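So, here come the structures, one by one.
Heads up, the next two complexes both have subunit A, just with different partners, subunit B and then subunit C.
And then the complex of A and B:
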């Protein structure tokens, strides 16, 4: 008799099969990335140089991908999750299976995004490092999206919440706020924004003398944010909810 | 854990169950008895307490008073009860077979791939979906999706199966076929409780429970409900319910000798076979009980 697979493996395989079972939606998910990359190339190509603004848009896009991919994935299966939990399904394995598949999807998206931009523009920093920054933003977005999905009561509410979470990423950024309004409070709030840390990696990688400890710290913070958000999603799913409405 | 069907360890007894929510009593003194092999139709107007009763039977809401037991076991010790919700809880991008395969892997740990495949083949045949096994669920009709939901629950062979409005949205023909299928499922030795509005198919059930305002207004064989409520058709029953308060319906029903007798009726032969199997300490399964039953029919002294 073959060794039984871990629940997270079974769940990830099922989730992957579901994605492949709807190729139209999968294509739309993946097509966003080169489309946004191409739009960036159109805008910054005419300037003929990469700018902090481009880095910021790329980081925000990666966060958006992760968040929008994940925001419906638990709430739409809530009844199934509750049912399977009665048969011993582990909430932790369930959420981990989502992270695996969504992270893989996010990785493909950031490669497509960065690849499209690099095709048209020569960014200053090392491509691999920039990909890591975008991937970090994407998985942080995935954590954020999964938390939203775990807390939301309907798919519609989950989708509505995404812009509310992404707007502060813009509002509390050095790029959006005039320097005379950039206070300590804004600076502190900015530090809890995943886009800020991904942007840091881009800035450092484009610098003449990158501070590698800052790069490592920024990537670490992004991974920590993802871990905390995913953990919060697991915790919020722990209370037993009723399946009958 | 084997893949074969577990028979109920005894009758389902809902005794004097009361449930309150936010200071309001939703269910009051509900009494039901159902034996293995029986299907019970649960009907009632909106707000009658059907969903609350289902929650209590699923173990999702503990009664404030009374008890729910199957044989000598509380429902908590019985394990997961089969439940088919009104809205399909399925992965629409998967094929029917994949959906069942993943569910079997998650719900039947400790079984081999061969055992699971064999069980999947059994339930597909039981719900008549063998020829649709490779079709993606989103391409199925409403009735077929409902059968997939039923197949999912049958995988683990629960002794008690509860279905919430399994015929909603189906045309009358499909509605009748679904109720027939459920009656056949009950015939394999399970207890099946169906909350339904399919009034024309109620007679396929062995028992009918009419809830109104949290009270049991009637519990007995469906045909007797017509004379009890003095109506010609089941569809007229709800109008009749409005002529008395829910509490007076509850009092009348609890004083009715026929309904009292129905509550304490002995189980049919199938549940007796199951009970004997349980007493002998051997694993209970539908197949075994049916085999015993057949043996008794061929040679009565075999029992």
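And then the complex of A and C:
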């Protein structure tokens, strides 16, 4: 096997080729973004204005894209991974190669998602900043999906786990109850939800007097979450020591 | 060399693709200063120029977007006062953006919705107003004229009709 740096390049190229080999699936993956964007535009177009609800839906969609794109990507080739590991495949480079390709895919999806909404209805706040927040949510979703994929034993179980990860993003948010009614536990749990931080970027940048340090903080937390989730996926793929009895 | 040419080609394609999308969207995305977007792009530009004129208190230029026969009589400061409920000298327009622009099925009437962030200088309060500017033209070859004066003019009550 080649050097670690080369490994991630080769693996990413191979993964990319696999994606391009199934153009139908790739089209479906990419088409869901403008479709959801268009649905948002239809709903919020009826009041001709954007609201915090729209920002939340966009952030949740971005996380969903990342999560659903990634949730089967390790478990479906687990046998190949185990075999190649015997020949020196680096787990870290394997996961990094997945993140690179899935992040690129997520970037295209969030551009399509927000582009479709902005086509019909200009959102408050700088578009590039909001794209960055959506991209952060998408990469965090990718990390979450890869972690699920690394832990799951079958593809079906990985897919079933995705709604269980997304529903708490809604439950522990201001969409469920106003934040001033949160108990301490709910307030704390909300802070570990990636959607919350992406939403904060939207809310702050759309405010009459944006607090840019809060925008920077939210983006920073989002990046940290991405790193932790991808790191957790790597750790969960480390070879387990076999116990001989 | 081959890599540089490929990169240049890809960048050109991306830029061309982006500008095409910006044009088809009617200027919903930045056209990088190019006159793209068709009628909706033109309306967006006119609406933004109008607000820029108001921002810099150039009322003569702001009146120039109206039909020629109305320009002399358009009282922009009065209209601003009606729109923002504050005298122009006490108003600081901080920021503005187009929410959407749409043209009717006949292509002769249009409206542009804007979001305007203003600061009321008397009490230093910042708030946001949504403004809709209406436009019309006689034929699809004519330029767009603003109907701001018409839509905001305080109409004298018609005494012949019951209220």
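Just so it is clear, the second predicted complex is superposed on the first by the 230 of 245 C-alpha atoms of A that agree within 3 Å, B and C clash if a C-alpha of one lies under 4 Å from a C-alpha of the other, contacts with A are read in each partner's own complex, and residues count from 1 in each chain.
Just so it is clear, a contact is a pair of C-beta atoms (placed from the backbone, for glycine too) under 8 Å apart; a residue touches a chain by one contact, two chains touch by 3 or more.
Computed from a prediction, not measured in an experiment: that's the story for all the values here.
Q: Who contacts more of subunit A, subunit B or subunit C?
A: Between subunit B and subunit C, B touches the greater number of residues in subunit A.
Q: Check the residue A:118 against both partner chains and state whether it touches subunit B (first), subunit C (second), both, or neither.
A: In the superposition, A:118 touches subunit C alone.
Q: In the superposed arrangement, does A:160 touch subunit B (first), subunit C (second), both or neither?
A: After superposition on chain A, A:160 lies in contact with neither partner.
Q: With the two complexes superposed on chain A, say which partner A:13 touches: subunit B (first), subunit C (second), both, or neither.
A: first
Q: Scan A:212 for contacts with subunit B and subunit C and give back first, second, both or neither.
A: Once the two structures are laid over each other on A, A:212 reaches no partner at all.
Q: In the superposed arrangement, which partner chain does A:80 touch: subunit B (first), subunit C (second), both, or neither?
A: first
Q: Quick check for you: in the superposed arrangement, does A:89 touch first (subunit B), second (subunit C), both or neither?
A: first
Q: In the complex formed with subunit A, which residues of subunit C make contact?
A: Answer in residue numbers: 21, 25, 28-29, 97-100, 113, 115, 117, 126-128, 130.
Q: Under the touch definition given earlier, write down the residues of subunit A that touch subunit C in their complex.
A: 48-49, 115, 118-122, 124, 208-209
Q: How about subunit B: which of its residues touch subunit A in the complex?
A: 51, 54-55, 58, 60-61, 80, 83, 85, 87, 89-95, 98, 102-103, 105-107, 109-110, 112-113, 136, 156, 164
Q: Can you list the subunit A residues touching subunit B in their complex?
A: Within the complex, subunit A touches subunit B at residues 1-2, 4-5, 7, 10-11, 13-14, 17-22, 77, 79-80, 83-84, 86-89, 240, 242-245.
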